[in-house]
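These are the structures, in structure tokens.
You will see two complexes here that share chain A, one where it goes with chain B and one where it goes with chain C.
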Partner chain A sequence: MKKRIGILFFAGVFATLAVVAFSCKKTKSTMAGGGTDSVLINIGNNIILPAYEQLTSTTVALDAAITDFNTAPDATKLANVQTLFKSAYVAWQSASEYNGVGPAMSNQPAFSGLNLFPVTTTIIDSNIIVGNYNINVLANATAKGFPALDYLLFSDGGSSVLANYTTDIHAANRKQYLAAVSADIKAEVSAVCNAWQPTGGNYVNIFATNTGNSISGSLGLLINSLDQDLEVLKNDKLGIPLGKQPPGTTLPILPKEVEGYYSGISVQLALVQLKAIQSIYTGVITGSNGMGLDHYVVAVNAQYNNGPLSDTIKTRFAQAVIDMQAIPDPLSATIQSNPLPADNEYTEIQRLVVLMKTDMPSSLGILITYGDNDGD
Partner chain B sequence: MYILEISFAVHKRTQTIKSMKKHYCIFITLSTIIFFGSCKKDKNTTTTPVTPVTYTVPTTYNFTNVNYNNQKMLLAMADQIVAKVNLANTIPNTVVVAQTLKDMFNNVNNHFNDSAYNLNTSGLKLADYCSATAQADLMNYFDSIGVYSQSTTSASEGVAGVSASSASPTKKYLLSPSGIFYSQLIKKTIMGGICAYEIANVYMADSIGAGIDNNTVVAGSGTALEHYWDEAFGFFGVPIDFPTNVSGLKYFGSYSNQVNAGFSSNSILMNAFLIGRAAISNKDLTTEQTQAAIIVTTFDQLDAAAIVQEMKETDENIEAGDAVAAYGTLSEALGFVRSLKYNTSATRIITSAQIAQLEALFDSTNPDVPNLYNFVNAGGSTASEIEAKTDAIRQLIGHIYNFNSTQLAAM
Partner chain C sequence: MAIMTEINNTVKPHLFTRLWASFNKRQHIAPLVVLRIAFGTIMLISTVRFVLKGWVYDFYIAPKFFFPFYGFEWVRPLPAVGMYLLFAVMAVASLFVLIGFLYRISISVFFASFVYVELIDKTYYLNHYYFVSIITFLLLLVPAHRYFSVDVMRKPSLKVTHVPGWTINIFKWQLVFIYFCAGISKLNYDWMFNALPLKIWLPANGDMPVIGPLLRQTWVAYLFSWFGAVFDISIGFLLLNKRTRGVAYIFVVIFHVFTGWLFKIGMFPYIMIFTTVIFFSEEYHLKFIRRLQHILSIRPLQHMELPISYNPPVARRTILYCILGLYVSLQLVLPFRYLLYPGALFWTEEGYRFSWRVMLMEKSGTSFFYVKDHATGRRGEVNNAKYLTPLQEKMMSTQPDMILQYAHYLKDVYTKKGIKDPIITTECYVTLNGSGSMLYVDSTIDLSKEKESLLSKKWILPFHQNLNK
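What follows is the complex of A and B.
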């Protein structure tokens, strides 16, 4: 056994040297650990906090409008609820990037459970008829959250949406279900948002001071979470509806698998999500250019095809945004009549995933720890 | 773990090992660093200086006379059995005949699709390489597939059938009445009952023991000792330049890579295989035995780490609201738990009582034949309640195998 210990000891010695050498290259970065980190401060204070605040205010407004609608449903109130739902769903797109970080990760029920699509409409319908349910048990996982509201507020069920809440024999139960789903969203969002606030759990401070590149450091958590979110965009929002998931297969186009199928705003939602991920990378948020992940990538002088890796990533993000804007909503109809623009965007996002999940993390010494879940 | 990754990248440079009669000094030379290991003063050699034998450990599994074609063929047979079982995971259902699977396992009646390997006429059969306990389990599993694959309904508690993953609707799962996904249970049993069993309980135990010839070189396969070592490596399921190259990983090769962030199994195992093989070829049997012991222990830990990895995947499935996929990953975990029993090594870390404890965490009322519908209980449990159960399994493994929370999180 001595020899084995010796080899490990040696490995440790070399590893120490390697880390010293690694740190020396970037004396101005705090990625080596300790203190605070200006990138994390910027992302935490100027990107994440505003995103959660926006999500909180939109879901609070939505819930109030639903309460009002339920007292006396009419067309005007329904239109108002539908508009506020879209705002809240859009706001979610700038917050889902952090589902694997801190409060959202430890939130129970699972915070990511607020956007599991496609919705299982048969479960919602039967819950409404029975009138007795706990929307947070596993069997109801795809009968809650934003996809449930998308269905409840935009599916006419053969007559009209308003009739579902007025003349339908299950109108009373449906109003109750609508309120329950909305209240759950509001409660979960406010709990997570509060945990980030300096006046609440102050996770924003923990986030800024949990420096270093270990798998439990903020950067490791953020990049893993961001990449998972990017893969949701690639696989769930585009790949599965286009029949391209799992990769290398050719499957039928599945229009009902898109996000926001009933409201028809899939591309709008995906575009906001893509831009949110882009802003975490570039640090650019409406008008001001703060420090994003690009700061680290530039600091380690990471190269890609004989040029700076960071330039390549920025170029690909810009192109992905342009290609996303070229897809007309509703996505469910577009992929049937003209799948090419969505196909192009899927390929573009695939490139981004490789850069963001392989090249960037390896240049920063970040390990990707989430699984492929491929059954092997 | 990032640190160990760096060390390995350099570690792969040439390692020079000097061996001396009656005592060993191992020098591992990398750049300017030299490590002196277990050098003892030897009072007997002061008057008779010995010329040191120097040998080099290559960075890839490139040795003279390496031959593990039999293992490639056996793993190809295993692939085809698993593929046959997977035919049942279709809607509408495809019936899989148990006797066909048993025939394939015993390589009779020409069921293999022969490509370059000529599997049907090879004379090889997996049955010869399988732990007796695992073999009994596999025959039962084949019978179960034979029965359940006849179901034409979707799966529900008490009813066998095929259901789709909700998150990936193209993935179909034939589940037993108690939610067992036999195709993965079978695959994991092949891993534990054949691959790991052969490596840790046969090759690294009996086949490389004292008395195995290491002098007569057979062209193409080396000495008997070299050949057994190579065959053990063949059951690992990795390319010769692993872990630099992680493509085409199979069975435990794939799992080593998946849990590598948790305990660096890639470099531990590959280094041990490389050093041990070089040692054999240079008659350094003490080093060979040390490496064998590392391999035996690491395969034990790797199986345990694989259970932790499946708990992570189960959590991901639960959070995706995908109960069907969760039955799949729990069945994989169950296969790894039962594989712990197939390991009869004296150095196995987990005790039989602790294995029983683990099994009870899957279903305390039926630990031997768990009902996974009780574990998940989709209609009555929230995600956090189910994840408390996966965490209990994770924590017990961590306690027994001494994996800390950071390691557990990275597996």
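What follows is the complex of A and C.
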């Protein structure tokens, strides 16, 4: 009897250790490529990859146009650069959702730093005057990326934008700064895009095979990243300009803090971002209906207010798009003359934040947890 | 009838007599020694793992604000170097407990350090940390170092072979009570008849090899729920019974390893597997010690050993008995204090902690906090990420006492920023076991004026059960 119990105990301990070893191994093999998931395949291949490719091609085209513009600046070339800037900035809006996933995440804060607004124009101006800077140091964090281009390409500085690059005494330095900012964007974007490409780092495959419900699984990373992006939309793009931040010494409304203040395309940008988040949920991209996150939510039959949760989320997304379209650009002027539509949209996106941050992950059992959970 | 009673009395003594016997009767010290070794080992592993995971920094150094427990608001974390040193001290102390070196000091140091760390921030509260705290406390009261220890090697006069039953049985009682409480807390409608939250959690593991597809089946969630409830309620008693002990322990191992595999519950399964060895007989434990002695070739096998009994002086014994009495009463009452609060327990969480309620709910929330200036009437929304870590924000958003603590913190922050008597309100949405998010607390209440106490919080809104679950 004694012997038997002894054997049982050792068998128990051995089984424990074996299973521990097994489960550790299991996590690794899943990361490297165990099962795949059709939703993750669709999102990775048909939504994320095209978004990064679009961002790469637009930033490459922009950089080439800037090089050309810098050789002999004229009005036509400037207009071309401005147009290409807008398409690159729009392309960014469909890619920022994945800042917390894989290659972009391991390239932080540099990658998110490409769209840190509002821009600090005084830093840019003094960098141009001095002519000696490294735009990748912390002190220049708000003097680079798309917001810097927005300022450099659309702020006339009292005369005209073209004059800044031709007759201004700092024209040469300004051209140099413009090229440096653009080159930095191009390099950062191409590095992240390349890491996703099957021909490059092939993260798209890792993404599809990193299944499971943990915070480090693709779904956990994606949902977390989406939620953060949605909060950037709510807080940074609408909330702060609308004066939603707690009262302090600042003015009630901060029109200059909108995204794309100088080009005046804030609402256009926000709309693209919102639709990008919507498409990850619905799986719908340019007409074709693939599998999005809604596939999971429908599969578990999640409920909200006595109806399907997925229907509610879709309705709220659709409403948020309508409400966003009702805000006239430029946002900086709208929030001063008629803040109501922007205010409505802020509330609408807050509703979405609750659904996407609380209802959806909770119904899917996604562990947005960073330590241990409670055991049994 | 009279004869029957008499026979019963002779064969089976009165319950009270049996209890007293198990309390006072001398038993071999071996189970206690093995428990000391097992617990020291698992604590050493846990402490090292905690540090290696980077949690000392993430949990106790990085945050700007902490959520101390009620009555322990004065507990503050040490500076970074201090926190790391403290964890080093804990690792060394658990090693000393394991080998039985300077035992009383080591176990006291471990207890004090561990409890201190737990008291810093309730964000990280887990039942198994509470479990570690109380097992350490009980180890503090017993002479687990007076046999097969470095202390005895250094000072042979410390050696005892027999101890009063309570020093061993208190651990058994504690474990039986914990499993039993965990079991009866599962006897609620959602767990038993909706298989919630397992119906949400199991399919989330649907990608697992072999068993993945099974976990997506609804009946599996029901099976697990019912098995879990029956296991928790009965396992303590099955471990107590000599005849069922062996099989029961296999179940303990399988059950904990399996839940550890399915859910991200860290060290808990292994802590339970190591602690429940206390239920085995003294012969088994003695054999285990002999084998260890042999492996370590510390000294030749001693088959014949003169019995030496542990007899603390009467004064000390009286104090110990008083502490034990208080301790057991408190343990018996704490899990049921929720009965004093109105409302749905899982929703309000009033009286939820320290009650062995584990894995019972899938709860998640999002909260927006607003600061309003009395003077100007301007209201703004706080960016929670500025003050809280993601984990703190997540935990705060579903626990009313933490919501209140955060509101008070915001009051201080914005008072310092020059706003006199800021009004702090929150719009907080919580979903419980797939209910769909609902407003959690009264969004019109100025939380800066609410005081924390053990009384029920009137501003928690009632839970409306979803009708078509």
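Quick note on the criterion: the second predicted complex is superposed on the first by the 324 of 376 C-alpha atoms of A that agree within 3 Å, B and C clash if a C-alpha of one lies under 4 Å from a C-alpha of the other, contacts with A are read in each partner's own complex, and residues count from 1 in each chain.
To be clear about the criterion, a contact is a pair of C-beta atoms (placed from the backbone, for glycine too) under 8 Å apart; a residue touches a chain by one contact, two chains touch by 3 or more.
Since the model is a prediction, treat every value here as computed from it, not as a measurement.
Which partner does A:350 contact after superposing on A: first (chain B), second (chain C), both, neither?
Touch status of A:350: second partner only.
With the two structures laid over each other on chain A, which partner does A:246 touch: chain B (first), chain C (second), both, or neither?
The answer is both, since A:246 touches chain B and chain C.
So, does A:358 touch the first partner chain B, the second partner chain C, both, or neither?
Second partner only, chain C.
In the overlaid three-chain picture, which partner chain does A:113 touch, first (chain B) or second (chain C), both, or neither?
In the superposition, A:113 touches chain B alone.
Hey, is it chain B or chain C that touches more of chain A?
Answer, by number of touched residues of chain A: C.
Just chain B (first), just chain C (second), both, or neither: which does A:213 touch?
Touch partners of A:213: chain B and chain C.
Which partner chains sit in contact with A:271 here, chain B, chain C, both or neither? Use first/second/both/neither.
neither
With the two structures laid over each other on chain A, which partner does A:90 touch: chain B (first), chain C (second), both, or neither?
Neither partner.
Residues on chain A in contact with chain B in one complex and with chain C in the other?
Overlap of chain B and chain C footprints on chain A: residues 2, 4, 6, 9, 11-13, 15, 19, 213-214, 245-246, 249, 365-367, 369-371, 373, 375-376.
Which residues, counting only chain B, touch chain A once they are in their complex?
Chain B reaches chain A through residues 1-8, 10-11, 24, 26, 28, 30, 33, 35-38, 166-171, 184, 187, 254, 258, 261, 271, 287, 290, 293-294, 309, 312-313, 316-323, 325, 328-329, 332, 376-384, 386, 406, 409-410.
Using the touch definition up top, name the residues of chain A that touch chain B in the complex.
1-4, 6-7, 9-15, 18-19, 22, 108-110, 112-113, 116, 120, 134, 136-139, 141-142, 213-216, 236, 240, 245-246, 249, 251, 254, 257, 365-367, 369-371, 373, 375-376
Inside the complex, what are the residues of chain C that reach chain A?
Where chain C meets chain A, its residues are 55, 58-59, 124, 126-128, 182, 197, 200-201, 203-205, 207-209, 212, 228, 232, 245-246, 249-250, 252-254, 257, 259-261, 263-270, 272-273, 277, 280-281, 283-284, 287-288, 358-359, 362-366, 368, 370-373, 376, 378-383, 385, 389-391, 394, 414, 417-419, 429-431, 434-437, 466-469.
Write out the stretch or stretches of chain A touching chain C in their complex.
2, 4-6, 8-9, 11-13, 15-16, 19-20, 23, 26, 30, 34-35, 37, 211-214, 231, 235, 239, 243-249, 252, 300, 302-306, 309, 350, 353-355, 357-359, 361-376
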